[in-house]
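Listed after this line are the structures, all set down as structure tokens.
In what comes next, chain A is part of two complexes: it sits with chain B in the first one and with chain C in the second one.
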Partner chain A sequence: MDRGYVNARVRGMRSRIVSNDFIIRLIDDPDIESLIDDLELSYFREDIERSSLLYSGINCVEQALRRNITRNFQKLFSLVEGKEWESLIEIFLSKWDIANLKTIIRSKKIHARPDEVLECLVPAGSLDEATLIELNREPDVRSVINLLATWRIKYAIPLTRTMKDIKDSTQTFLLEYALDHYYYDRALSLLSKETYDNSILRDLIKTEIDLVNLKSLLILARDKISPADAEHIYIEGGNQTKRIEFLRILENNLIDDLVEYCKKTGYGLFQDISRDSILLSRVSAFEREIDRFLVKKGVSCAYNDPLSIGLPLSYLWEKFNEVTNIRIIAWCKETGLTDEQVREELVYV
Partner chain B sequence: MQQCSPTRMELQKINSQVVLAIQGRDLLRQKMDALIQEFFLIMESATRSRDELEKTAEDARRALLIARAVDDTITLKSASFATKRSVVIDIHGRKVMGINIPVLEKKSFRKTVIEREYSIIGVSSRIDETAEAYEKELDLVIGLAETETALRKISHEIEITKRRVNALEEVVIPELKETGRYIRTTIEEREREDIFRLKKVKKILQKKKEKM
Partner chain C sequence: MVDWAIPIGASIAFGLGALGTGFAQARIGSAGAGTIAEKPETSGLIIVLEAIPETMVILGFVVAAMIIIMVK
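For the complex of A and B:
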């Protein structure tokens, strides 16, 4: 694989990501219409023009952003398809597959209309639009899994295995957990070989596992969930989190243990965390810090070897961050939040 | 004034009706006082609940906005598929001064993350907190529905009782008293006529006796 060529293309794509000045200009826009006008001046023009044919206002922006992220991720995937980085990029993009499959499973449970569900699917991963449409047409969860198995799509493995334990429709969340575990297990097994590229992504995934476990623990401790109910939520493979400790904190339900655990596994994020901050703050406030940390870590992958997977990974995180920030600004403009409130909610600038 | 025969029996009947009407009026007044007292008690808690509901609704709206902005509308909609369900409430009644007031089953719709039936790994805590805020709002709305229905029923009953007290006080009792007065006057008039007649007869009989 010509790493130089791929990286040059990625650098080109990266140069089109909007600058911080542009983001600040969007924050200063008085309303959603001027924000759309500004976006039309950026490389979002094509997406805005296309979505404005069908939508207006905030819906136009949301649709354009979804289209933009799908288009760019697929473009990057096409650059590495059939080459040595394919599996690495695919690991990152699988998140969208997992999200799409979860949406389809949930919709089958409540018999939602297929057209209503289709709006919620983003074909940014390895499952393309045609596959998702076909899966969405299936009448129930079992048929969806059967179709995945027939087409030999990898996600059929955890779903088929877990489907045996499902007693009624209220337990379909077990399928979701099976998908989550499969995503992280598969990622770590694909990255088990000791190479420079693998080590970059592995470190990222392991950090993500630690932070996901930390977030889960905060939520579970808040709701006083018993270890028996929480056992399937813990994800193996993190750098610093240990199952036995995770379950012990839930068993004892002591805030001091939780504070200690957060300090230890928070990657320096929660050094100032205290009993009061856990009792008074919402978990979303901690999650915002976790999101910012992960995005920063993802973006900083670009500081590795210039010809490594670091640059494409960094681009994926930057793109995700860019789209999220523009969406936050657009929604705040739509509902009239102040500039300060907008800045507070931004993921990472 | 109602049609009646001016007899002593009728007068007795009317008198007892007046006493009964006065007793009824006093009872209804007492009922109205009790209802007004109950109305203000419920009113106080309804005002408190309404204020709390407004605050909760505002929090829920803000949580929804943040979740839509950060996590995207489609992620939020996807999570909502997992937890879509109907709200079933049992209703029974209690009696306050003879009025049937509905009592809604005090069941909390707030759920733990496990009960929401989605994987917390893929759903952000912002969405979770939005769900929680709306569950809290639903609890308050149902609580308020009970208090507001009770308020409406009590105020309706107060109005009816007030109308009844007014009817007794302004129409029934004065009319009965008027009828009683009429009967009394008529009886007195008749008694005077009888005495006059007897005197006249006595006079005629005396005159006849003198002539003989």
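For the complex of A and C:
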């Protein structure tokens, strides 16, 4: 594969990610309309112009960002399609398939309108917009799974297997866990071959598994869920988290234990978390710290061999972080939060 | 009897220079194509960068010519 070509294209795409100064300018904007004006001056112009034909205000920003992330991720995938990096990028982009399927499953559970749901889907993975539209049209969860199986889409395997254990619509969360387990198991099995590129993505996936486990642990501890109920939530394959430790912390349900455990994981998490947050058990503060760590880890992939998969992976994380930050700023403007509060909420700048 | 040392020396000087230039230009060319695809405004710079390895084959040619003309 001609790595130089892909590398140059990715570096070109990366150069268009908005700068920190631009993010600060967006924070300083007084309202959502001026934020849209500023976005029109950036690389988001085309997406903002298109979405402003149908939407206004926060919905315009949401749809423009959705379009932008889909367009860029699909563009990167098209650059590596049919080449040695295809499976690696496909593994990363499958995250969006999982997120989309979870959204559709949840929407069926709460009987949401299909057109509303469609606006929340991001067809950046292997499930394209047409597939998602058809899946979204199905009346219930069982029909969605049947359609996936008919089309021989891989996600039908874990869903069909789990569907047998579901007794009523309140248990659809089991399908979501099944999707998560399937995604991580599949990713690790595809990355089992020892190559330099595989090792970069495998390390990232293993770190992500650890962090997902820690986030689950935080929420489960807060909600006082018993270890027996939480066992199937734990995801195998991480670098640092162990099932025994995971369940032991849930038995005691002490937030201090949990923070100490996170500090010991080797990721250096929660060093800067204030004592107030620990005392108040503010899960959102911990979650934000974990998200920041994961984004930093993803972005730092670019510091590996310059012609390795590290650069495309780093770009995908940077793009995700950029869009997430702009969304946060837009929602904070919409809800009237102060600039200081906006800065606190940002993932990683 | 024909002295093969002079033409062999000249061909090595020219051939290796040409191979090196070809290898370098292939790498620079593909990366340059990628760069121009994303940023068309860089095309002038890329053409200059693409031409730099040409110096190797020119030097190889000069050395080969010197071997043929000057070595007796």
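We adopt the following convention: the second predicted complex is superposed on the first by the 329 of 349 C-alpha atoms of A that agree within 3 Å, B and C clash if a C-alpha of one lies under 4 Å from a C-alpha of the other, contacts with A are read in each partner's own complex, and residues count from 1 in each chain.
The rule is simple: a residue touches a chain if its C-beta (ideal position, glycine included) is under 8 Å from a C-beta of that chain, and two chains touch if they have at least 3 such contacts.
Everything numeric in this text was worked out from a predicted model, so none of it was measured.
Participant: Consider chain A as the common anchor and indicate whether chain B and chain C clash or fit when overlaid.
Facilitator: Verdict on chain A: chain B and chain C fit.
Participant: Which holds for A:7: it touches chain B only (first), chain C only (second), both, or neither?
Facilitator: Only chain C is touched by A:7; chain B is not.
Participant: Quick check on the superposed pair: does A:112 touch chain B, chain C, both, or neither? Answer first, second, both or neither.
Facilitator: first
Participant: With the two complexes superposed on chain A, say which partner A:268 touches: chain B (first), chain C (second), both, or neither.
Facilitator: Touch partners of A:268: none, neither chain B nor chain C.
Participant: Rounding to a multiple of 10°, what is the angle at chain A's Cα centre between the Cα centres of chain B and chain C in the superposition?
Facilitator: About 160 degrees, rounded to the nearest 10.
Participant: Taking the superposition as given, does A:15 touch the first partner, chain B, the second, chain C, both, or neither?
Facilitator: Second partner only.
Participant: In this superposition, which partner touches a larger number of chain A residues, chain B or chain C?
Facilitator: Residues of chain A touched, chain B against chain C: more for B.
Participant: Between chain B (first) and chain C (second), which does A:30 come into contact with in this model arrangement: first, second, both, or neither?
Facilitator: After superposition on chain A, A:30 lies in contact with neither partner.
Participant: May I ask you to decide whether A:99 touches chain B, chain C, both, or neither, giving the answer as first, second, both or neither?
Facilitator: Only chain B; A:99 stays clear of chain C.
Participant: Looking at A:332 after the superposition, I want to know if it touches chain B, chain C, both of them or none. Which is it: first, second, both, neither?
Facilitator: The answer is first: A:332 touches chain B but not chain C.
Participant: With both complexes overlaid on chain A, what's the closest CA-to-CA approach of chain B to chain C, in Å?
Facilitator: For chain B and chain C in the superposition, the minimum C-alpha gap reads 29 Å.
Participant: How about chain C: which of its residues touch chain A in the complex?
Facilitator: 27, 30-35, 37-39
Participant: Under the definition above, what is the set of chain A residues touching chain C in their complex?
Facilitator: It comes out as residues 2, 4-9, 11-13, 15.
Participant: Show which residues of chain B lie in contact with chain A when the two form their complex.
Facilitator: Listed in rising order, the residues of chain B that touch chain A are 65-66, 68-70, 72-75, 77-79, 81-82, 84, 112-114, 117-122, 124-126, 128-129.
Participant: In the complex formed with chain B, which residues of chain A make contact?
Facilitator: 62, 66, 98-99, 102-103, 106-107, 109-110, 112, 117, 119-122, 170, 172-173, 176-177, 179-180, 212, 215-216, 218-220, 223-225, 229-230, 233, 235, 282-284, 286-287, 324, 327-328, 330-332, 335, 337, 345, 347
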